[in-house]
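Please find one structure pasted underneath; my questions will follow.
We just call them A, B, C, D and E in the order they show up, numbering each chain from 1.
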Amino acid sequence: MGGSGLVVQDASVGYGPVRALRQVSLEVPDGAVVAVLGGNGAGKSTLLRAISRTLAFHRGALTTGSIHFGGRRIDGLHADRVVAAGVSQVPEGRRVFARMTVADNLRAGALGSAGSRSAKARALDRVHELFPVLAERAGQRAGLLSGGEQQMLAVARALMASPKLLLLDEPSLGLAPLMAARIADTIQEINTQGTSVLLVEQNAALALRLASRAYVLDVGEVALAGPADELSASDEVRRRYLGVVDETAAADASRGVSALPVLRRWAGRR
Amino acid sequence: MRFAGLTALDAVSFTVRPGTVHAVIGPNGAGKSTCFNVLSGVYRATAGSVRFGEHELTAMPPHRIAGLGVARIFQNLALPPRATVADSLMLGRHRLTRTGFLAAGLRLPSAAREERSHRERVREIAAFVGIEHQLQAPAGSLPYGQQKLAELARALCMEPRLLLLDEPVAGMTADERQRTAAVIAGVRDSLGISIVLVEHDMGVVMRLADAVTVLDFGRRIADGVPSAVQNDPAVVRAYLGEGATS
Amino acid sequence: EDDKGDKEGKGGVKTGVGVSADTITLGVLTDMTGVYATLGKSVTQAQQLYVKQTNADGGICGRKLKLTVRDHGYDPQKAVAGYTELEPDVLGFAQFIGSPFVAAVKQRVDSNKGLVLPQAWSANLLGSPYVRVVGSTYDLETINAIDYLMKEKGLKKGDNLGHVYFEGDYGENALKGSKYMAKKSGLTVVEQKIKATDNDMTAQVAALKKAGVKGVVISAGPRQAASLVGVAAAGKFDVPIIGNNSAFAPQLLGTQAGPALAKNYYVASPTLPIGADTPVAKKLVADYKAAYPKDALDNGVQAGWTAASVFGEALKKACKSKDLTREGLDKALLTINSYDTGFGVTQDFSDPKAPSSKESVILRPDKSVTGGMKVAREPEAAEAAQSYTTGG
Amino acid sequence: MNTFVELLLNGLSMGSVYALIALGFVVIFRATEVVNFAHASLLLAGGYVTASLHDDIGFWAALLVGIAGAAVVGAAIEFLVMRRYRGSDHSVLAIVTIGVDILLTTELTRRLGTDVLSLGDPWGDSVLTIGSVSIAHTRIAAFVAAALLITVFLLAFRYTSWGVAMRAAAESPETAALMGVRLGRVSLGAWAVAGGLAAVAALFLTVFPTPGLERATSLAALKAFPAAILGGLDSTTGALVGGLVVGVTESLATGYQSELTFLGRGLGDLAPYLVMTVILLIRPAGLFGTKELARV
Amino acid sequence: MSEVLARGRELRSRGRTRMTRPRTYVWIAGAVLLLALPFYLDRFWLQAGLFAMAAAIGAIGINLLTGATGQLSMGHAFFLAIGAYGYCVFAGEGGDDGLTGLGLPTWIAAALAVGVAGIAGGLFSPIAGRLRGAYLGIATLALIFIGQHVLFNAHDLTGGSNGRDVPPLSVFGITFDDSELVVAAVPFGASEKLWYAGLVLLLGCGLFARGVLRGRPGRAMNAIRDHRIAAGVIGVPVARYRAGVFVLSSMYAGLAGVLLALVFQRTVPDYFGMTLSLEYLAMIVIGGLGSVAGAVAGAAVVSLLPQLLTRYSDALPLVSAPGTGGITPGEASRYLYGAAVVAVVLFLPGGLASIAARRSRPTSGPTSGESGEER
């Protein structure tokens, strides 16, 4: 365990009978940005849950393997202890505290951090300049924010804890291109400030641009792993995750249709 | 559309031609979902009106609007996590079925017949969307992307005449996006229903949309065919950002 | 029902349900975990004491007495279930707490003829030859109480009389009494209905004050009485306050309210207090203290004892006439017309329509005597009470 | 007229006791969204400890121990029982508290037996009389205590992270855990606090004008339901206002009973519920409660 | 009883072909047993059973409302009261001790009582429609207090604190009273006869509720519980459905009330208090939210347990005679009851119904906890 940072060693996860991860090993060196790609159900979120110890909330459990952070073993800790250890996560699908105000959501984000009041204040300012809308809406209840605004809040909330390692589960989900770009810049920025990042992202182009290293999960197993640029070169990745750019809408659509069973109108309609 | 203080939608107007995909795009918080909420009766417009064919939707309760064949998928998933996908889809059939408390309670043959025929149709639609093998799984255990598909299927189960899609491909990988895009195109072509599409993935928008409306701060800043809109400087400034096109 | 076929028992005594060659089984449906727990506990313990002693001196009719106790915790379902369970195996019920429940099984009692002595003094329970109220009913008690206020405490024609009473059988029956008395002697009753959950009588006192009442009757629980008296005293509202038998518990004398109670509170009771210096009373006190050192000597004790001894007396009479069947027991009871339970009041059971006595003793709290009660007026029935037809 | 004033005052003072009880509900609801039916037995526990100790160690010490004791009981309930159910449906948890309540109440009433215990408070039955209006010292004390405690909690919730942690934990345990909230601690704390509050409430429930602590004391906890609800189940201010409203309604309904005979007598404990229903019709989440969201 | 239904449920969830045979045997065995009981058990047991059946009917009702539609109700006892007293008023002969009574044929009276309960539910549903969760729950508590107030004060209708007699039911010339008719040398009193009436009613109610839950209405109800707004957008008339369910569950309560009244032979106002409402909640939680079998199982437990504990209280461990300072039988049974409530929920998340579900699905899936719930 010489390598500090995050080390996941052949972790397997099951949700009851459902096997979600098989023998997954992965490493996030200090100060690195590592991306995880994978199709639906590949197990990306599961991986993050395993690291942040929130599997139990989904009736899942780590069956084999170990997870170390900064040389310290963290599987077996409670979720809140993991946070205390400096790992914070942006959960999939926003998960803002809908009934609390934006401001309180941000305060909640800072709960886990050991930082001083002033540190928290600074974090808050930074977050506000990143996402001005959150400052405007400080008093509004988070559940009323728009999808994207909620996403921003979710990211901002995680930033409030000023963690050592940031786990991002699809941070650009539902963000406008402009905003997605800004998130990307943010990730770079906090990374340069020394926070290492484990990035699960469907926007593979963006992910691979940011990451130094990337893993590709497929149905619960690591299918590919390597330096980001190598992966982005591999045509498997290009096809599945970067999407084939040079295809016209019409052709593509028609291909899809012919590939799919055509749905006939429903006869039973009166 | 106004909420304490802020104006989420400000005199927005656009028309969706039958059998086309009409994209509504715009920065976060521009008012797209609000627009959907107004269309589907969740919010009541403070001013202005919504017409659907010969019907005036403005003051209708949601279920009436749904009854007219307006279906939508939600930006934040709204699938009951513990119910099986099949049941969620059957719920989509609600407006097309008649069985009431009595009929269901007394298990009248009519109820059974109805149930059977509609389950059949649900299977078709699930297959069409590509989640037939998940029908018996509790929706909550599906990965995010497939839950999105399940929602789409549920909307289709309503046999809609107007389909409102709020970020249908969010959280999917590129090829899954293409597949979903194809499904949507397939819906338009094989059922010929009109679709309003809210999506941040310009690729998909460009592929699918026949017309595009761009909102910002609840106001309409552009309207037209995709290619034109894409190069509209206002849109680039407010939404796409330099170089982020395609 | 099947073993109802009466048999010739040993000693040529006809026996039936609940009576075997060597035991007489009596049912006890009590409440030791519900709202009447305080009463139920004392009554039951007293009755068990009675049984123990009777058996000690040879039992009745050469048979030992046996109590089968069921604690229904004032839950109607349990109560009815308890009755259904015990009825086929017991001769009768020496105790049944909760007049609504007694009412609930009344029909069945009439058909199976098993004697029931309810621990409730509501006139609504009268009328059945098999459900017999021991001592004066609440309405009579209230009449006597008011009579005392008028004779001794300067309450007079034309005055307003406050009546604070429980919702339910007890309170409403008492109210009948006060209404009747008011009509008789030109008073106006100011009603204040309360519930068992009300423990703070401040609002009631304020209301009564406003109405300018010259005396107050309280037909509620000890707590309410204590609160009422306390608040009245504190608010310099010193009109005489008198309560029904159930509106006092000696435990109260230990609390804040103690002094006020001793000063200005009276209680109407169907018999002399447990602390009376009759031989029976003295013996009971001694034995009870011995048997249950930890527990207070409240009126429940002698109520329970009285009921038990009445039952015992009836059994003895039935034994004489060689008929321990339910019918026999009933006949026997009807012949008892002047039985002194040892607490100063003679009981007359010859008329099923009437309570066994119309008299009440007026007591007043006193820390020094056992049971915390001493006599303020000897047993007596007001003429209004004589003329009053119960339940009417 | 001054009957009215007297009734009003009495209502307010009684109301402040209800407010204390309601506050207990609110604290637990905030932290766990559970309606706690075991609060009644917590009352009894607190009162019992105080009552059985004051002779030996003096009232104030006894009260402190009582508060501590009740807090421990509360914490124990959370630790031994509620914790096992985390994540279950809220109505399920409510039922569990009922089970707990049955257990505790049975035990405590068994210990209480037929006694009526005094808590040995310093105020006795002395009253403050202004003009023809008199109000018991105990009630003034209750009022002060309630006001104090509730302000304390308001401040605590506003200015410490505790309140945020509570609400986060209540709304989504998983996400809260991701924020580093120690779910166990939060709910444990909440239950302990609720216990302590119950002990204080028990004190004022059992002092003059009520004779003392005995098995029926706990029934008063029911009165706090309408209080907590009409104030808004998750609002401390709500608890106070709700308590006062209930107290006043009850007092007036009783005091003017003879004027309200057409509604049938003994409206005392019905009236608060009627008021509550009306308020809920106008404000479905109570006066100060957070409204339910309407956004998809 | 619950067993049978529970298995019935599986019959659906598992493949029919393979399962049917053993299941049907269980069905038949259970049925025969239940039909035979009156010939062997004495009145206490039959009465206990009847209480349980009535409770089961009520529990099914509240499970439709709270379990399946997510509307927490603590006012169930109120509707039971309406059923019970409604029956008395409709069927009772007027006049006797100043009680109003319409003296209708008893079976009509029963039907009317159920109807009235339903109407009462309908009248309350506008309020219910505005409230949610705990707020709704405690708002419904108001019903209890109103109910109690009326029961105690509207003397000429309710007979006040001592309640009023319940005229025995009579249908097809059979009168369900104690006038003994002897069947196979066994005297048939009220309980014996009512037993069969109870069985029929319970079976009917159970099947009806299952039909509702499995079918279109059930899905709509669940949707309302899980995501109200979405349900509306998908085309479920939310307000109407909530009202509908409220009416339906009130009717179940009403029927339960009628049956209870017939068993009690006297209505007792104290009975229809808050405790009863909470017991009904306990039933569905213990049995399993949202499932019919669960409701029945829960009802059996919650209503039988206390009676049995009381009956055998002397036999309970470490009890001592009253006065000796130890635990009295009554207290002991309270302890056990409380402990049972906690324990059942603790060890069977998803309620008793989940046992059945587990057995049918040994590899407990991620949501096996809830698999008792029909969704």
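Basically, a contact is a pair of C-beta atoms (placed from the backbone, for glycine too) under 8 Å apart; a residue touches a chain by one contact, two chains touch by 3 or more.
Bear in mind that the values here come from a model prediction, so they are computed numbers and not experimental data.
Peer 1: Starting at chain D, figure out the least number of steps needed to reach chain E through touching chains.
Peer 2: Minimum number of steps from chain D to chain E: 1.
Peer 1: Please state, in steps, how far chain C lies from chain A along the shortest route of touching chains.
Peer 2: So the least number of steps between the two chains is 2.
Peer 1: Would you identify the chain whose Cα-based centre sits farthest away from the centre of chain D?
Peer 2: It is B whose centre lies farthest from that of chain D.
Peer 1: Let me check something: if the centre of a chain is the mean of its CA atoms, which chain is farthest from chain A?
Peer 2: C
Peer 1: Higher C-beta contact count, B-D or A-B?
Peer 2: Comparing B-D with A-B, the pair joined by more C-beta contacts is A-B.
Peer 1: Distance between chain A and chain E based on Cα centroids, please, to the nearest Å.
Peer 2: Spacing between the chain centres: roughly 49 Å.
Peer 1: How many angstrom lie between the CA centroids of chain A and chain D, rounded to a whole number?
Peer 2: 44
Peer 1: Taking each chain's centre as its mean C-alpha position, how far apart are chain C and chain E in Å?
Peer 2: Going by mean C-alpha positions, chain C sits 36 Å from chain E.
Peer 1: Mind pulling the residue numbers of chain E that touch at least two other chains?
Peer 2: Residues 152, 229-230, 233, 328, 331, 334, 365-367 of chain E touch two or more partner chains.
Peer 1: Please list all residues of chain C that touch 2 or more other chains.
Peer 2: Answer for chain C, listing residues that touch two or more other chains: 33, 41, 167, 294-295.
Peer 1: Can you pull out the residues of chain A that are in contact with at least two other chains?
Peer 2: Residues 15, 18, 144 of chain A each touch two or more of the other chains.
Peer 1: Quick one: in the complex, what on chain D touches chain C?
Peer 2: 3, 6-7, 10-11, 14, 106, 109, 113-118, 124-127, 129, 134, 136, 205, 207-212, 214-217, 219-220, 222-223, 250-251, 254-258, 265-266, 268-269
Peer 1: Which chain B residues qualify as touching chain D in the complex?
Peer 2: Going by the criterion above, the answer is residues 33, 37, 42, 74-76, 78.
Peer 1: Could you pull out which chain A residues touch chain B in their complex?
Peer 2: 15, 18, 37-42, 45, 92-94, 133, 144-152, 170, 173-181, 202, 204, 239-245, 249, 252-257, 259-266, 268-269
Peer 1: Would you tell me which residues of chain D are touching chain A in their complex?
Peer 2: On the chain D side, the touching residues are 87, 161, 164-165, 167-168, 171-183, 290, 293, 295.
Peer 1: Enumerate the contact residues on chain B facing chain E in the complex.
Peer 2: 40-42, 61-63, 65-67, 71-72, 74, 78, 80-84, 87, 90-95, 97, 99-101, 103-107, 111, 114-115, 138, 140-141, 154, 158
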